[in-house]
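One chain, chain A, appears in both complexes that follow, with chain B as partner in the first and chain C in the second.
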Partner chain A sequence: MRRSAGAGDLLGAYRPGTSSMHAAPLGLKAGVLVVLSVAVLALRSPVLLALAAVLVLTAYAAAGLLRESWVPLRLMWPVLVLLGVFQWWASGVEAAVMVTGNIAVCVTAARLLTLTTAPQELLDGLVSLARPLRPLGADPERFGLTLALMLRSIPFLLGSARDVRESAMARGLERNPRALTVPVVIRAVAYARQTGDALAARGIGERSETKVAKGNR
Partner chain B sequence: MKNTSADAPRPARGTGGSGSTGTGNGARLRARRRWTSADLSLIAVFAALTAVFSILPGVPLGAGVPITLQTLAVMLTGMLLGPGRGAAAVGLFLLAGLAGLPVFSGFRGGPGVLAGPSAGYLLSFPVAAAVVGLLAGLVLRRTRRDRTVLLFAAALATSFAVVHPAGIAGLMLNGHLSFPAALAVDMAFWPGDVIKNLLAAVVAVSVFKAFPSMASPVRRSR
Partner chain C sequence: MPSILLQDASVLPAGDGGTHAPILHPLSLELDTARTAVVGANGSGKSTLLKLLNGLVLPDTGTVSVDGLDTARHGAAVRRRVGFVFTDPLSQLVMPTGRDDVELSLRASVRNRVQRRAAAEARLEALGLLELADRSIYDLSGGERQLMALASVLAVEPAVLVADEPSTLLDLRNTAWLRRIFASLPQQVIYTTHDLDFAADADRVLVMDGGAVVFDGGPREGIAAYRALALGVG
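Presenting the complex of A and B:
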């Protein structure tokens, strides 16, 4: 499942499994997530919020990931506490519960999608979203290619940022923002040019019209 | 691909810019709407750069919206790639994050961020890249002097015309904050933002010096 060590770490939210939540088609999961989030956020009803919370927890249990359900809260609690206290002070307890509850439920529900769907499937799903836009000029193949290029650039750029930071430290420049950013960006541009030339040399990513034009010359 | 060294020699036609796009005006007009593999590659790498600058440790400040180099990367992408490719790169970053890659600050990702208080800022980024790309194009076409100051002004104008209003709207909608409260939260970002916009202009000028073709209007109009 891991594309490479770096990208694998980056795509780390996925928990492989065989539950019904894992097996459900991505379109269904995404659809339910969107409907649930829009309903909760738009209707702002306490009953609906409670129902949604129960539904999300049931889904986590069905996926065998109940222990994971509080992870988003662990990450977000400072924001939620701040918001809750402010809302309590500004408009009362009910508003505080509704505002923080809505955010918590939506974020937790969304995380279940990333927990139970393989990253590659998520990305394929993203590319397939471009397919209906084809009449408008969208090109799913080139979109997929660009997305894949982006993913394989991230480990390179992370490594490059680390190298630059280390060499800046060696020169005592670790607090100089210019020394930390300029080389990273220049390397990124050089890397992009190399990749672009490599693609062009193999005729990948060029539109078919361009190829024909080149052939005619 | 095995070429990962950034110091490898640049290809001979790399600085030409318009080498493969044809000579006549007509060809240039048609090329305007069509991205070559070089453009796709720049879009992909700058989407990745935005992700990397978002992931790298930042300073937590304000109501849980951490300050990272994210906005620096957004502004830089717009300035360097121009409006079309810049917005595409930042849009790709946003889509990848919304689809669940942990590329937003604090290793967050997934559609859940749309319900969070920082949604407005995130959604404004592609627009900001396009606007700053347009403004930077004007600067680059008009003048060679004072580019740092003018690009800084372009980034600052974009930030206050696009990013902050959208961010405040997001705080009001998702956090149910009143306008004064949302404005107060947003103001916590102002000092950092000014510094990051200045840095973006400085970095952009350095990159334009290293790769002069990136400042040429023919390439940027794609």
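Presenting the complex of A and C:
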């Protein structure tokens, strides 16, 4: 199974480094990201959007990753174009620029967080985020692990979809929805079971004593 | 050595009303040898037997226990004692790099992140894998991935290592590397393999056929019994 490079690029696999962005605490980076995203989405100001774009590009430069800053646009442009055209038709040019610009800035900013934060640090952060919910029965380690696995699974599943599409094309079935979807679903279920088995075999994510469902063979 | 005890343990096909043959016929066995190899044809029940040993599969009849801990009632405690390596390392490695995966294994035992990182490095270095630690698991060769998966399992220092055909995806060089690592481990090791040279490294060989252990003894006799069974030669 190949990894889907596009999906991995959009999510931003960690790039080790020693810049100030890499050294900044995860809480600070996440806090700035949330404030910036809420501000541009809530205030809908072209000036603020432009300022946010400059700020994000400056942060990429500070991280030594300026060449990475255009990757989300390269990957998302078809969606942004569709959205932009619709917004232009429905609400005018300014709405089209604001909606697509806001999405591009927020995704690009979020990607910088994952590019400059080691997976274990991200996992620790997610666990800390869920810790206040422990009195309600939440298991912070499982919460963090679930989100980390979700991030890891998306490239795998998109790679699987690409493999299935290529297989269907090789058999002249590229217009057959069943040939394109059923194998992807089956592979996704098999992948989930394999991952569950792998985690269970290593005792990761288990509560103190759990029973394994029958049928795992 | 830890003692793994199977008492009349059998495994039936899922949802089967007794119409099909068992995946594993009732089996009573004690595994307490340092190195045990399990050989047999595809579909003979080798993987099911191995999965019984750390509670990934529960017996439909009988019991399986590790140092007195029943796998059905104390699954989590058993899995802390018995590490399991799968045939396909990509289904085992769940983090982007080997270093992250080893650190994931250590999360439960080493809470401090700096100490965890140092512990992960020490374990990777011990297996000669430190220089591969930060590569994406997708950029590693099949052999490197398998060794990284082994490092992730060994990181928590299980008392028993169970490995399901760990050399199947490896070339000759990496198989030799894996055999050297297995030979040097302080743990009890139980593994399945189709590589008869690898099986000959064990102190004890189980030969499986049709969901039953048909031979249990030394490696020379075990391999001869498997050859006779598979090829019809003495």
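Convention: the second predicted complex is superposed on the first by the 128 of 217 C-alpha atoms of A that agree within 3 Å, B and C clash if a C-alpha of one lies under 4 Å from a C-alpha of the other, contacts with A are read in each partner's own complex, and residues count from 1 in each chain.
By definition in this document, a contact is a pair of C-beta atoms (placed from the backbone, for glycine too) under 8 Å apart; a residue touches a chain by one contact, two chains touch by 3 or more.
Since we're looking at a predicted model, the values are computed, not measured.
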{"item": "Which partner, chain B or chain C, touches more chain A residues", "value": "B"}
{"item": "Partner chain(s) touched by A:V93 [first = chain B, second = chain C, both, neither]", "value": "neither"}
{"item": "Partner chain(s) touched by A:L83 [first = chain B, second = chain C, both, neither]", "value": "first"}
{"item": "Which of chain B and chain C A:L158 touches, first, second, both or neither", "value": "first"}
{"item": "Touched partner set for A:E141, first chain B, second chain C, both or neither", "value": "second"}
{"item": "First, second, both or neither for A:D197, with chain B first and chain C second", "value": "both"}
{"item": "Partner chain(s) touched by A:P72 [first = chain B, second = chain C, both, neither]", "value": "first"}
{"item": "Partner chain(s) touched by A:L133 [first = chain B, second = chain C, both, neither]", "value": "neither"}
{"item": "Which of chain B and chain C A:V38 touches, first, second, both or neither", "value": "neither"}
{"item": "Which of chain B and chain C A:D124 touches, first, second, both or neither", "value": "second"}
{"item": "Touching both chain B and chain C, residues of chain A", "value": "13, 119, 123, 145, 149, 191, 194-195, 197-200, 204, 206-207, 209-210"}
{"item": "For the chain B and chain A complex, residues of the former touching the latter", "value": "1, 3-4, 6-8, 10-11, 14, 20, 34-49, 51-52, 55-56, 63-65, 69, 72, 76, 80, 92-93, 95-96, 99-103, 106, 108-117, 174-178, 181, 199, 202-203, 206-207, 210-211, 214"}
{"item": "Contact set on chain A toward chain B in their complex", "value": "10-13, 30, 33-34, 37, 41, 72, 75-76, 78-79, 82-83, 86-87, 90-91, 95, 99, 102-103, 106-111, 113-114, 117, 119, 122-123, 125-126, 142, 145-147, 149-151, 153-154, 156-158, 160-161, 177-178, 181-182, 184-200, 204-207, 209-210"}
{"item": "Chain C - residues contacting chain A, complex", "value": "11, 14-15, 23, 47-48, 51, 54-58, 60, 72-77, 79-80, 83-84, 86, 88, 90-97, 100, 103-105, 107-108, 113, 116-117, 134, 136, 138, 152-153, 156"}
{"item": "List of chain A residues in touch with chain C within their complex", "value": "1-3, 13-14, 16, 118-121, 123-124, 141, 145, 148-149, 152, 191, 194-195, 197-204, 206-212, 214-217"}
